[in-house]
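Okay, so chain A shows up in both of these, paired with chain B first and chain C after.
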Partner chain A sequence: MSITEETVRHVAWLARLGLSDEEVEIFTGQLGRILGYVAKLDELDTTAVTPTFHVLDMYNVFREDEPRPGLPRDEALANAPDASLGFFRVPRIIKSGAPAGSPTAEEMSRTSSRTGASPTGPKSGARTGPGGDES
Partner chain B sequence: MSENERYEAVIGLEVHVELGTKTKIFCNCPTTFGGEPNTQVCPVCLGLPGVLPVLNEKVLRYALRAALALNCEVARFSRFDRKNYPYPDLPKNYQISQYDLPLARNGYVEVNGRRIRIKRLHLEEDAGKLLHEGDGAQDKWSLVDYNRAGVPLAEIVSEPDIRTPSEARAYLESLKAILQYIGVSDCKMEEGSLRCDTNVSVRRKGETGFGTRTELKNLNSFKAVEKSLEYEIARQISVLEDGEEVVQETRAWDESREITVPLRGKEEAHDYRYFPDPDLVPVVVDQALLDEIRKEIPELPSAKRQRFIREYGIPEYDAGVLTADKRLADFFDECASRYRDPKVVSNWLMGEYLKYANATGLSFAEIPVTPEGLVELLNLQDEGVISGKIAKTVFEEMLKTGERPSEIVKKRGLVQISDENAIYAVVDEVIASNPNVVRDYLGGKEKAFGFLVGQVMKATGGKANPAKVNAALKKRLGKE
Partner chain C sequence: MTELWAMPAWKIHELYEKGKTSVEEVCRTLYRRIEEVEPSVKAYIKLLPEPDGKGADGRVTGSPLGGIPYALKDNICTAGIETTCGSRILSGFVPPYDATVAAALKKAGAMLLGKTNMDEFAMGSSCETSAFYPTRNPWDLRCVPGGSSGGSAAAVAGGEAVFALGSDTGGSVRQPASFCGVVGMKPTYGRVSRYGLVAFASSLDQIGPLTRDVRDCARVLGVIAGHDPRDSTSAVAEVPDYERGLLEGRKDDLRGMRIGVPKEYFAQGIQAGVKHAVMEAIKTIQELGAFVEECSLPHTEYAMAAYYLIAPAEASSNLARYDGVKYGYRSEHWSDLTGLYTKTRMEGFGPEVKRRIMLGTYALSAGYYDAFYLKAQKVRTLIRYDFAKAFERFDLLVAPTSPTVAFRIGERMDDPLTMYLSDVCTIPINLAGLPAISVPCGFSEGLPVGLQIIGKPFDEPGVLRVAYAYEQATEWHLRIPHLDGVEAAKRIARNDGQVSADE
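This part shows the complex of A and B:
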């Protein structure tokens, strides 16, 4: 399987990595060589081999449904780059070129009627859950 | 609407249900709704490095219960995958979900005699909640609460078998009833424990292919699901009738304007790069476990409805209303099994009881009246201790306080007056003070009689035995 620059740019975008043209060129070559190396495995006949779903030969590891306290809030927020009013605070995602205030598809896909009281009176945004490509 | 009749809609629903376990799907944080922000979090659900998620066994059992109740085939082997996408409400930048090996497939729900197939049921974790500070362009921040991150969800995807908006609503109601019956979710749309997106397209009747579909979001109630589909179907038909094409897109239901609007921004094709989550081992479900789970499933709504019709002889409509909620159904069941006329019980429940619940917004669990109380009330009426009118007054009190009807009757002096002398005394008084009405009645105006009865009832505070009042009046007026 050969790796194109386009693939590298797409994967970098998915991972939210900003690559320079130079880096794209470097990684296209490097990723191509890594995949080429692994492609050696394709030479094996695996028709009679059960696929490995997990590296450990284990299944059904469970936990009891017993609530236990987690982290105190100040500890939970301690390493956050920014926090406010007991919340993590992050830059608001607004897609370029769109009028501010109108929801993005991404935001709307997260909208639910679950109301969340907030000290600053922001509007509640929560998601309906992802998906939509299966049905 | 002849142009509408040439088309039919093709609708599929994607429902997310929060499973009512005490703790999250992969950690021991509590799932209680409405806690202070970020007070129900731990290193696992915050996605801190070096932690290991472990599946909550109860989550699996609840999901299996749902799968069996929805007539699904349960996979002997399933596993969890990572669905990758960066968004601030996902602390790990991926959601643990199930992709190509879901827990269950190929189920169905009977909705008004039609079978709506269920494509798949799988487990996943919920995301956190984002709050936006204000709405203006100057507002640069979002606030994140991870209390909900990791709450267990079952995603239930239907096949595109639904044909009308009302059928979509009926499907949702059936689904909700089933999930509540088996006790795996409270399915409160207003609290977000049941959420629904719809896919809809239209085609000319008789065609078997699918038209271009749109996805509808922001559906916050069953009514919104139905209304948004009605609007969207009409919109798609008019687009086609204008010779144009439906654009495949995601649209939001605007509740205040009652229209669907396209969501801004070009939709990128989803590319989640699913891969098996190496932190979680596979789930294997054997026959012994399935047999065990099957025993946990109580009589389901459709079976209960049939039994009510068969055993209690109530109309199908009544049975449908009464079995829509398990608590209501159990209430009826208990009353009907110990009272001579189940239809009378049904009338009280569908009338006074539901009216009260709707007016107050209280859930059935919050209304203190008991089945024993209602049966006692009906017996008091049958025995002539109280009149039908007084029974309603007493029931109103019972709905509020849960007090026994005999206590209320005693306390408020509501015992029916059946003593003939007492009744004749009031009747004579009424006749004496309404000479004109009496004359009208004797002159052939039947209606005047009702007025006189009303006056007697009024004078006795509604406590007079109506049959005896009728008899006494007729006798006195010489019309026996």
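This part shows the complex of A and C:
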């Protein structure tokens, strides 16, 4: 089975996965070969077979809906690459008609790598080296 | 006398009880051993400067794992300790909570030494897809330790941890256990809580122990097994005392046991040396009194194809959460929110993870869902039926864990399909959700071979019983690799020309 580069680009878009032209080319070949292999399943007639989505005979696991403490907000935000005022901070998504005072894309871009946004420090940017965390 | 770093947990525990050694001495010995061999084995991603746990505070003798130094695969969350999943995209991620298994071991007084290397997001069979560096097999540093829990297996085999936990989605505990000559078990799906395990394929993932021997396996499983309200797929079934079951049962007598040998597991590209070792092991089990007969699991040849649709499909959905917003890596090259997602994922994921996200997204996408994903789930039913039918006649099944011994680093990296075939003997068991163990059963070309014992759902006691009887009748589990730090480093230096440190 073969698939086209166009299909690979479409699937990458569905997965919000950026691919280089080289990766598109490699994946077009590799995914074609893997799909060719899995086409083996067509040898089996499964019209009367029910699918197995889960191996345990377990349905509708209920619990009492009782309030309990959740993760504190500062802990939930501690790992964010960029957080501000108790929120995850992302680039502007409203193109026009935004209230005055909203940060522009340029402002967001400038502040996205600032330090001190989270207790553990900024996570943006590449690692310094593969063994950088070994202590 | 055996060195402390080469002893199983139950033996160290006995020495503690007799006052013949201390937690400090055991930890010191382990750290010295790590210092010696870790530069060549590279089992750990993160080594803690001092062990994390309360085992040293005098409560040691009360708990079977009190004061025992161990390691966790780096996809198991540890509060306050970085958990990377072997991926750049989770670099710097410090979990705010412990996985249920990590909390259970902490409560039992075990001492965490560090987090072990793994294939990125547990996708791989060799530890080579790690974003950091490949781990090397302590039996031959030119070879892979297997994967994805290769760091955990190498740490135990190399004497760098008394035991370790791994995770097994398609063989990721058993295959590296086999390659490294240690014991590795994948429990029944639902036996051990997955809370705090970074999700790969949720209907297949299961955490399991890697240990020096079967008794330790039973001991560790007893601590980590059980229902967890925070994992709704964890089973409510009672946890038996696995270790006591072993010690009280007859070790030298398997009379009354009916054991099937599925012929399909000996057909698919199995190495002669592996086949020989496994057949010899089966002979031993027969001599112990078990009734052994060949059987058939006719849909075995379709398991790989079904797995490589189901696992990537679930992974593509599970890995959608890595978007550069909530935790981990964020690209600096974006102009809008969508660009932030695509660039972060492009730069943060390695090639194997991208490949599987692509495959899974394709299999789930409009127009292909019925032909691929649904079809695979139906074939999964046929594979389950195969096992159910075999278990009408047999109590357990035995087979090789892997068709080959450990292969050379770099050998299979160019061809994903060949790499995927490493798991041909372990994948069907995950699809059916069954418990299975790999125990050392000999050597081929100087490298360890693993015997796989497969049981009915929740029959971990039966699996352990046969594994223990076999182990007691043989001495393979007592062999340790001659890993001399200095020699090893020299060999590495010689090989570095041919073996690149990273992909």
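Here is the rule we go by: the second predicted complex is superposed on the first by the 87 of 135 C-alpha atoms of A that agree within 3 Å, B and C clash if a C-alpha of one lies under 4 Å from a C-alpha of the other, contacts with A are read in each partner's own complex, and residues count from 1 in each chain.
Definition applied: a residue touches a chain if its C-beta (ideal position, glycine included) is under 8 Å from a C-beta of that chain, and two chains touch if they have at least 3 such contacts.
Computed from a predicted model, the values in this text were never measured in an experiment.
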item: Touched partner set for A:Arg73, first chain B, second chain C, both or neither; value: first
item: Which of chain B and chain C A:Val49 touches, first, second, both or neither; value: second
item: First (chain B), second (chain C), both or neither touched by A:Leu85; value: first
item: Which of chain B and chain C A:Leu19 touches, first, second, both or neither; value: second
item: Partner chain(s) touched by A:Lys40 [first = chain B, second = chain C, both, neither]; value: second
item: Contacts of A:Asp65 with chain B and chain C, given as first, second, both or neither; value: first
item: Partner chain in contact with A:Gly29 - chain B first, chain C second, else both or neither; value: neither
item: Residues of chain A contacting chain B in one complex and chain C in the other; value: 14-16, 53-56, 58, 61, 63, 71, 76, 88, 90-93, 105, 109, 112-113, 120, 123-127, 130-131, 133-135
item: Chain C contact footprint on chain A (complex, rising order); value: 3, 7-8, 11-12, 14-20, 23, 27, 30-31, 33-35, 37-44, 46, 49-56, 58, 61, 63, 71, 75-76, 78-82, 88, 90-93, 105, 109, 112-113, 120-121, 123-127, 130-131, 133-135
item: Complex contact set, residues of chain A against chain B; value: 10, 14-16, 53-56, 58-68, 70-71, 73, 76-77, 84-93, 95, 98-114, 116, 118, 120, 122-135
item: Residues of chain C that touch chain A when the two form their complex; value: 44-49, 82, 84, 88, 91-94, 96-97, 131-133, 189-190, 203, 229, 232-233, 235, 299, 301-302, 304-306, 308-309, 316, 320, 323-332, 334-343, 345-347, 349, 351, 354-355, 357-359, 361-362, 365, 372, 374-382, 384, 416-417, 431-433, 457, 502
item: Of chain B, residues touching chain A in the complex; value: 12, 14, 16, 21-23, 26-30, 36-43, 45-46, 54-60, 77, 79, 83-89, 95, 97, 119-120, 124, 126-127, 129-137, 139-146, 148, 153, 155, 157-160, 189-192, 195-197, 199, 215, 217-218, 220-221, 250, 252, 263-265, 267, 270-273, 276, 278, 281-284
